[in-house]
């Protein structure tokens, strides 16, 4: 069987389910928006502070959204033992992981691209001349979140207290992603410093590369029992 | 409990001797750090905290590396003892990194007039504590020993792989370290030879402590496994004793 | 090697057994559910598996389906170790779970396409299979609107499309109406005719004596052969 086709089949299944239930879309969209507003309230009226905190708020919102998105995608799998049935087909485990990753990542990129202008407006930040570089920043940052979230959501799906456990496990691992994404996008808005941003983007890319290989290789230990 | 089983639980002679050597070496290390080594030009006697603090921090990181190594071995060859070794190393890593944080706080209070600094290495250690706590939470939630070992091994590997990135990010994000006299990668050693010697000696002693606890914990793990095996022996039916059912 | 006095004329030893268990144990925490199973099932046999709730029937089926690791011993599906060569074993087998194992937010047809395409089996006979199990009119309805019997029927359609050499069926008759149960029997008869090996866990004692070539029972963590309907 063509393994890439299997990746596509799994990804399409997750996206098709989401397009029907909209469970993740509704939850993450509102959650991110509320997070952005709440952080803005907490910062207060100081426009300079708001502008500086803009990218931090965006990435915190996206980090939480990736937890919700990954956890929900396994929730749909676990009903009626459908995921179990899927895993008794000869589909390679790496293809299952990459398929779920692809669906989650695609969703998170879209969410990031929707939330970016919202953040810029809400926090009074300026897009600046280097704004197109924010798109690869969002792509690399959300990939980092999705990599860990999809692996750990599979790991916690069968455990007690999974709702609180997933962020506890995931966030310390993705701290480099959060820091690098905040710094990179912070360097890209306003006047912008492309050279500074490039260093952070390389860190994001390095993290993504290492974890794509690692997580794909160890995923089958997560889903076996 | 029979005398035979009690004998099994007792620590062998050589481990007691090893413990005695550690205590003696620890005294030597304390002497080197507190008396023999000179005070620092800038920080005076405060530098003496560093000998305990940095040596423990280094061994803590080594311990996380060994946790991931044994975790990978457990996934590879499914030997129960590898899981025991991984846990033992993780426990030591948690202990050492907690001590590192306490050491860091006592160090930064007089030097920087604050208990907490977002110094890269201290931040990294705090993250390491959080990562290790996650590892132990996962272990506590799974009853089946084999599945517990395998799932937590995945966590251990992910955790260890994140440390270089966490270090890099924290280092770049904000470095507030008062003296960059010796960095984690070993480059730029600018301290006096007596000070370096004292630090390396104390690191060696901390390494011996780590190794002793590892050996002892693995010894206990092996005994547990033996008891478990004896308990289980009567439950299982030896292969082909009942005859192969052929249909 | 001790031989079972009730065994039929022994299958020729040159053929690889469809199922081979050697000292298989499975433990959940401290509880040893399977205490040491030794079994060989020749290809093409239909075998029923009896046992009370919690005896370990589902455990054995999931273990053969490569979803559970044996705690000790080895399990082989057509000569492939379920742990070391799990993907090869999975290539030979198909399962039907108690609840059917389909996605509620996909239609019946989408579920079938997914499961069949993931196996690399041809997907041109989906409608035929749906017709066979009586779901052609609801082919494009979401499975979450299905009753448990309809979900089970969808599971049967997936089984047909898998073209597997070994069927692992967990209570195939459960939740089905009389028609559905008769359909299961027909499918099993057809499978036998086609040389497919079938292992089914069931509580349908009398029905399974009619249907199966041999009946096994798991009791106290061990397998034994049952030769007649207990009276």
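Letters A, B and C name the chains as they come in the text, with residue numbers starting at 1 for each one.
Keep in mind that, in the parts below, a contact is a pair of C-beta atoms (placed from the backbone, for glycine too) under 8 Å apart; a residue touches a chain by one contact, two chains touch by 3 or more.
Given the structure is predicted, the values throughout are model-derived calculations rather than measurements.
Visitor: Which chain is the middle one, judged by CA centres?
Guide: Per-chain C-alpha centroids ranked by distance to the global centroid put A first.
Visitor: Please flag the chain sitting at the greatest distance from chain C, going by CA centroids.
Guide: Looking at centroid distances, B is the chain farthest away.
Visitor: Compute the distance, rounded to whole Å, between the mean C-alpha positions of chain A and chain B.
Guide: 32
Visitor: What whole-Å value do you get for the distance between chain A and chain C if each is reduced to the mean of its CA atoms?
Guide: From the centre of chain A to the centre of chain C is 38 Å.
Visitor: Measure off the straight-line distance from the CA centroid of chain B to the CA centroid of chain C, and report it in whole Å.
Guide: 47
Visitor: Would you pick out the residues of chain A that each touch at least 2 other chains?
Guide: Counting only residues that touch two or more other chains, chain A contributes 224-225.
Visitor: Please output the residue numbers of chain C that touch at least 2 other chains, ranges allowed.
Guide: 69
Visitor: Which parts of chain B, given as residue numbers and ranges, touch two or more other chains?
Guide: Touching at least two other chains: none.
Visitor: If we count contacts the way the header does, which residues on chain C are in touch with chain A in the complex?
Guide: Within the complex, chain C touches chain A at residues 62, 65-69, 87-88, 90-91, 93-95, 97-106, 110, 114-115, 117-120, 142, 151, 155, 158, 162.
Visitor: Help me check something: in the complex, which residues belonging to chain A touch chain B?
Guide: 148, 151-152, 155-156, 159-161, 165, 168-169, 171-173, 175-176, 179-180, 183, 199-200, 203, 206-207, 210-211, 214-215, 218, 221-222, 224-225
Visitor: Chain C touches which residues of chain B in the complex?
Guide: 143-146, 232, 235-247
Visitor: How about chain C: which of its residues touch chain B in the complex?
Guide: The contact residues of chain C facing chain B are 1-4, 7-8, 10-11, 22-23, 25, 27-29, 32, 35-36, 38-42, 45, 47, 69, 71-73, 213-214, 216, 221-225.
Visitor: Could you please specify the touching residues of chain B with respect to chain A in the complex?
Guide: Chain B reaches chain A through residues 75, 127, 130-131, 134, 137-138, 141-142, 147, 150-151, 153-155, 157-159, 161-162, 165-166, 168-170, 172-173.
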